[in-house]
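Consider the two complexes below, in which chain A is the common component and chain B and chain C are the respective partners.
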Partner chain A sequence: MIEQVIFYILAFFIVGFSLLAVTERRIIRASVYLLFVLLGTAGLYLILEYHFLAAAQVAVYAGGIMVLFVFSILLTDHPGAEVKYEKPKRMIISAFAALAGIAICGHIIYYNVSRAYQYIAQGEIDMKDLGMTLMGTGKYQYMLPFEAISLLLLACIIGGILIARKK
Partner chain B sequence: MLLEISHPLELFKLTAWLDSMLRSLMPDWGALLIEFVLIGLVLLLAYAVIALALIYIERKITAFFQCRLGPNRVGKYGIIQSVADMVKILLKEIIPIDHVDKILFYLAPFFVIVSSMLTFGALPFGNGLHVVDFNIGLFYLIAVSSLSIIGVLLAGWSSNNKYSMIGAMRSGAQFISYELSAGLSLMTIAVLSGSLQLSTIVESQTYVYHWNLFRGHIPALIAFVIYLIAGHAETNRGPFDLPEAESELTAGYHTEYSGLQFGFFYLAEYLNMFIIAGIATTVFLGGWNPVQIEGWNGFNEVMNWIPSYVWFFAKTGVLIFLSLWVRWTFPRLRIDQLLNLEWKYLLPINLVNLVVMAVLVVFGLYIK
Partner chain C sequence: MGELITSFLSGGPIPMFAYLIVSTLMFFIGVYGFLSRKNMLMVLISIELMLNAADINFAVFNRYLYPEQHEGLFFALFAIGIAAAETAVAIAIIINIYRNVKSIYIDENITEMKN
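And then the complex of A and B:
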């Protein structure tokens, strides 16, 4: 009962701030609204008792990516200037694109949400299990994908340095 | 029974009694609701009281470092000076400023203070005085404390003042850099203790040689020093106080704030110093465990009489004194020195240190 009330509060919070983030015309304010959306999502994970994902959401998205967003927005020309509206034709096209996106995602979620229950472990997932799954080499363990992602990130870092390096 | 004799002043009996009394009087959800509200009130009160105490302590200790007397007019030895300051700041006018982004300007202080309040909820202050014991406690602490920098960046930008803006940018660069070192050095200890849960970390450090600082000897000592440096830098206090360097930037990112809004930044800065020291105590120095030496039973008994929260605050106090000592001893760094220190020294040392610690744990070379 109480969980449901909290869920509805969080859901309204997330939906409201998502709408604000999209409709706001000053980019820096939009990024702050986006931050609230991400924090609300962390709240949803907390309701699900998945504390690791909640903390990861706060640390990575809210604390890491949003800080970089705000930082780089501050480096642009006019962070507080209002963005002009697009031409009506482009607005209609993008509205259709957005609707199509919602339709596809909704379809997938609607027909697969019941299947997800099979994989959900009961109760809180222990941090040790998570670590073993991430770093193990056995069946259903993810050492290789983990290393592949770390290689990708390394390539990104080297690329960044190459671009930023003074000749 | 043994616990009752040897821990006479602990609070866990009081909290358990309160809980059972509330549950006998009303349904579960009512009892829980009242407990939540009570805990919130106690935390807020502790937040304010600790800040006041810290401000007084800092002013007094600073005075002694500089051969002055410090506050000495309000009350004996000026002991209620910070209460008077608090009343003054509560009564001060909040000056509205033209041409600022109103929403962000008023929102920014809350980011800073909420993030340090969130940390407060997960710190173990004593035996039974631990509000939320997350499975991932250490990670949670790192995660929520990274939120405050957004408040600083927004404050700097929305003030519409170039000094504020420069201060905020410096603060951002500094915080992002030093957060890495702080996180990595805590991770070193997570490798040693094999857990991220703060209660487990504290309970595994019973005797003095089990304190993580001594148990992991060399790498733990390196991690401890690096954590103190990085934590000190994260709180924006000298010698890392470039974001609010008075002589260059008036007051940095909070130049335009007045009254209670400025008070929020001020409070958060002091509490962050406390939180950094508190985390270091919990992770490296045995948390609320009293000093216990194996075999010295009489000594251990006497030490057990001192309640756990006193131990926590005493150890934290020592670390805070260290931080003040550093603050008033070293001159301010330049921005390039600051970034060099992090990226060329602390971070590589930290990474190597982490590997050394992993080897140590794998071969069981730590003190058992």
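And then the complex of A and C:
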């Protein structure tokens, strides 16, 4: 019971703040609402007992990406300048597209997702298992994607510096 | 809706489609923001919302359908890492655009970057 109460509070929190984040006029506030959405998602991972994923979400998204966002907003924003939206017709069309997508996906989820699957409490995944899975080379182990991600991040660091530096 | 309420009142575990409804709403709110805003940083925020909704789906499907395996967990973990890389490059590009045209709105100014 208490788990369900927490889940529904988190669900309304996430949906409400994501609506606020895309409709807010001032962009710095929109980024703070995005931060709340990301923290709420970390809460959902905690309910699902993925503690490591929740920690990674808080560290990478809430710690890293939000700092990048706030810095770039402070670098590029003119406070007091008028905020430009798309044309009203375009906004209505995009709202219609989003609502149609919600209707289609909601129908599919509600009528086709089986109710037979139940949550099986497994407790916390052992950190040693997680580390061995990340660094192992056997079946169901992820050494190669791990190294690929490290190369990708290195390329992104170099690329970001090259793109954003002063000529 | 009635099913959610009865499941809530009976106090059982959270049904799987409740999570899926949350992530669906989040994804399409992101789609709406992506299509309706002109500021590039707002577009990027909407993309983050969509990526985050996909990550929730990976974790939920892994936990409910294959609880003894960890594939969804690792896919969500790698997706978080790739999202960080993508955001860093996108923000570098936005700052470069701001240097060149003094505006980060998606309008006619941006097409001048081709030349």
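Simple rule for what comes next: the second predicted complex is superposed on the first by the 129 of 167 C-alpha atoms of A that agree within 3 Å, B and C clash if a C-alpha of one lies under 4 Å from a C-alpha of the other, contacts with A are read in each partner's own complex, and residues count from 1 in each chain.
In this text, contacts are C-beta pairs under 8 Å (C-beta built on N, C-alpha and C of every residue); 3 or more make two chains touch, one makes a residue touch a chain.
What you see is a predicted model; the values in this text were computed from it and never measured.
Between chain B and chain C, C contacts the larger number of chain A residues. With both structures placed on the common chain, the touch criterion links A:A164 to chain C but leaves chain B unconnected. Of the two partner chains placed by superposition, only chain C is touched by A:I47; chain B is not. Looking at the shared chain after the overlay, A:G64 reaches both chain B and chain C.
In the superposition on chain A, contact is made by A:R29 with chain B only, not with chain C. In the superposition on chain A, A:A55 makes contact with chain B only, while chain C stays out of contact range.
By the touch criterion stated above, A:Y142 is placed in contact with chain C alone, chain B being left untouched. In the superposition on chain A, contact of A:A21 is made with chain C only, not with chain B.
When the two complexes are superposed on chain A, the residues of chain A that touch both chain B and chain C are 52, 56, 64.
Residues 29, 101, 103-104, 107, 134-136, 139-140, 142-144, 146-147, 149-150, 153-154, 157, 165, 168-169, 172, 176, 195-197 of chain B are the ones touching chain A in the complex.
Within the complex formed with chain B, the chain A residues making contact are 2, 26, 28-29, 32, 35, 51-52, 55-56, 58-59, 62-64, 66-67, 70-71, 74, 79-80, 124, 126-127. Residues 3, 7-8, 11, 13-22, 24-39, 41-42, 44-46, 48-49, 52, 55-56, 59-60, 63-65, 67-71, 73-74, 76-78, 80-89, 91-96, 98-99, 104-105, 107 of chain C touch chain A in their complex.
Across the complex, chain C is touched by residues 1, 3-4, 7-8, 11, 14-15, 18-19, 21-23, 27, 30-31, 34, 37-38, 41, 44-45, 47-50, 52-53, 56-57, 60-61, 64-65, 68-69, 72-73, 75-76, 83-86, 90-91, 93-95, 97-99, 101-102, 105-106, 109-110, 113, 115, 117-120, 122, 125, 129-130, 133-134, 140, 142, 145, 149, 152-153, 156-157, 159-161, 163-164, 166 of chain A.
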